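Shared between the two complexes below is chain A, which has chain B as its partner in the first and chain C in the second.
Let's turn to the complex of A and B:
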């Protein structure tokens, strides 16, 4: 249902939605709390799955929200919409109309098949590049309003607190980020020789333009090859050839996006956003929106450890 | 031990940063240089010295196809990690195993999920849309 500050409130059945023109696009979806273990004052020994496993990328197909809003008409007073899910907490988030009319989609298909139940079947709101929680799953209602609802997940959970005691609110964007997946903690190197360093880079601002890779903890950098095509607001795969001599090494990656944003160093990031006073649980969420680098330390026996560098 | 073949490969590959990072253009030049460098370390025996024998699975008919395909049984470890596998009344997290995947798409069964109460919608009983 779309109602509120519209000319014609309308109910769209699933059958009706299926008859609207559809579009397909790649998009990553990332939890605002993904990578939170990197807020820890000391590196938490964990795999890339435990540290960065709350981001994924799919091809989504559905109806542009702007198409449906043309049907309902928009009262010019409408500046926000409230998207509500049909789960038992009726998860609700406020979305600026600018995003709604830009690239918001009512997603019906995921990688060619209908959405998975856990990803919002039969339909979800897709806001490419914005934090996962606002991509409301099991979507049942959109209400156009003048001011945001200040719901639980925007007033409390996803309002990260800064070292100065103030908080970011409506921090929607998932900023430019990258991490190396191969090799990474838990994947042992089988003796010296040639390896392909490979990983994922993405930005809520658009396309990834460049990824640099270091094998000496950030002292020197080599540009990685990008797998084409590179899509906006989607995973980009980078690869760099590497000859491991069997000695200690620290692997890092750093990404740039087409808007000119660069992944901050961990020191830069922590100076602005803070870090924990104690070492939290790997599954805890001490803070959100970490987009600094991840460092993998290679030991002489080929084991890979999560380190800070 | 690396053969002469691989040593020749190493010499042609240009290091562009510390600790052995090579020029990404090696992928473009690709072919012989990179392949020599890789295989020199990963193959212990020359293929020419062996005869390709039929393994048992090559000598019998295969299994029937499932109507909806699933990964090979050898890939069971490629799975999400679950924060709430018994479905207790709290949030569920399922994390994507990026270290066991490659490419740029996440398979649907491995897409991450955070659910605050679990998915439970039937289109037959009718959603509000």
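Let's turn to the complex of A and C:
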């Protein structure tokens, strides 16, 4: 249902929604805590999956939320809406109306199939480019309000603590990020020679405009080729040819998005956001919203390790 | 009524009917299928458990820390430990200064900006295996108990729709908006 600061509170059944105009788009959904192992003061030895795996990309199909909101008649006093899911803890998040009216979707299909139970069947709120938690699954109720509710996950969980003891709030955005998936930690190269470095880049701000790749820990860079088409707020695959001479090497990628944002260097990121004083568990989630670089060290025997550079 | 009064009354009637027609005419609706079904305030009330930091949405009811202590022992301590010290689930008392590290555990006392969040979350999500089984009085009582445990209210303070939003949490001013230009 949609209610609150509206002229006409309405219930939209699944049967009704199936008759509404639908759109399809690619979008990644990334946990706000993805990549959190990189807050560790020392590199945690783990695979790219363990470090960056809390993200996916799919084609989403559904009804634009703006279509439904127009039908209810939005009260101009409404600056936020509260979206609530039907999971056991009735997860509830506050969304600015600007985002709700921009590209928010009531998603019914994922990759052309009805949503899986674990992905929010029968419908979820899709907010392209925004932290996973706010893409409320099993969506059941939307309430238009004047101020944010400051519910549990927004008041507490997704508010990253800063080095000075303050915390960011209303982060929302998953910023530009990239990482090399091959070669990556845990894999082993079979001797020197030609390899294709490959990885993923994405940004909550729009399209990836450029990815640069380095094999010497960031001293020199070459531009990677992008797999076309490059979609906004979706995974972009990048590839770069590399000749490994058999010596130690450190692979790193760096991405830019079309809004002009770029991944910070590790030094820049840590200066602003800090790092932990002890090494946490790889599943520890010490902080949220990391988008600095990822470095893979290649040893002479071909083993790939997670390093900092 | 004299004729003059009657004609101005009917003019007003006409105007009222015309305005009503204008509001309900198809031009006022979106161009979509318009398949949303109206829902009554009574039906909405059965579902609306949203609470705002100013206390809007808080239901009738009340509770005290000592009432909450009994409910806590029976329904909460198996996961959250005796007196909120933690166990299978997070501790609900204490919490170090946030300046001790970016991974400092966030607690009710050291982090939560609003006490209403505690009521909202407890009512919608707890107990974990049986959410939405607490009465509103029980939620107020548990909220009072946890706030008192954390020395944020007095041992005998009553929590209700009026007093709860007035509780000032220590970290209320501890936040910076990340992207101010994107805020409403």
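Note that in this section the second predicted complex is superposed on the first by the 309 of 309 C-alpha atoms of A that agree within 3 Å, B and C clash if a C-alpha of one lies under 4 Å from a C-alpha of the other, contacts with A are read in each partner's own complex, and residues count from 1 in each chain.
Simple rule for what comes next: a contact is a pair of C-beta atoms (placed from the backbone, for glycine too) under 8 Å apart; a residue touches a chain by one contact, two chains touch by 3 or more.
Only a predicted model underlies this, so the values are computations on that prediction, with no experimental measurement involved.
By the touch criterion defined above, A:133 lies against chain B but remains apart from chain C after alignment on the C-alpha atoms of chain A. With both structures placed on the common chain, the touch criterion links A:12 to chain B and to chain C.
Looking at the shared chain after the overlay, A:1 reaches both chain B and chain C. Looking at the superposed arrangement, the partner reaching more residues of chain A, out of chain B and chain C, is B.
When the shared chain is aligned, chain B and chain C each come close enough to touch A:88.
Shared-chain residue A:237: touches chain B; no touch with chain C. When the two complexes are overlaid on their common chain A, residue A:286 makes contact with chain C while staying clear of chain B.
Of the two partner chains, chain B and chain C are each touched by A:141. Across the two superposed structures, the residue set of chain A contacted by chain B and also by chain C is 1, 11-13, 88-89, 140-141.
Partner chain B is touched in their complex by these residues of chain A: 1, 11-14, 17, 26, 29, 31, 47-50, 52-59, 86-89, 91, 110-111, 113, 116-123, 132-133, 137-141, 179, 181-182, 184-187, 191-194, 197-198, 200, 213-216, 219-225, 227, 231, 234-237, 239-245, 247, 249, 283. Taken in their complex, chain C has these residues touching chain A: 28-30, 32-39, 44, 47-54, 56, 97-99, 101-104, 106, 111-114, 116-117, 120-121, 124-125, 128, 131-132, 174-179, 182-184. Looking at the complex, you find that chain A touches chain C at residues 1-3, 8-13, 16, 19-21, 39, 67-68, 70-73, 79-80, 82, 84, 88-90, 92, 96-98, 140-141, 143, 145, 147-152, 155-157, 159-173, 273-277, 280, 284, 286-287. The part of chain B that touches chain A in the complex is made up of residues 2, 10, 13, 15-28, 34, 37-38, 40-42, 80-81, 83, 92-121, 123, 127-129.
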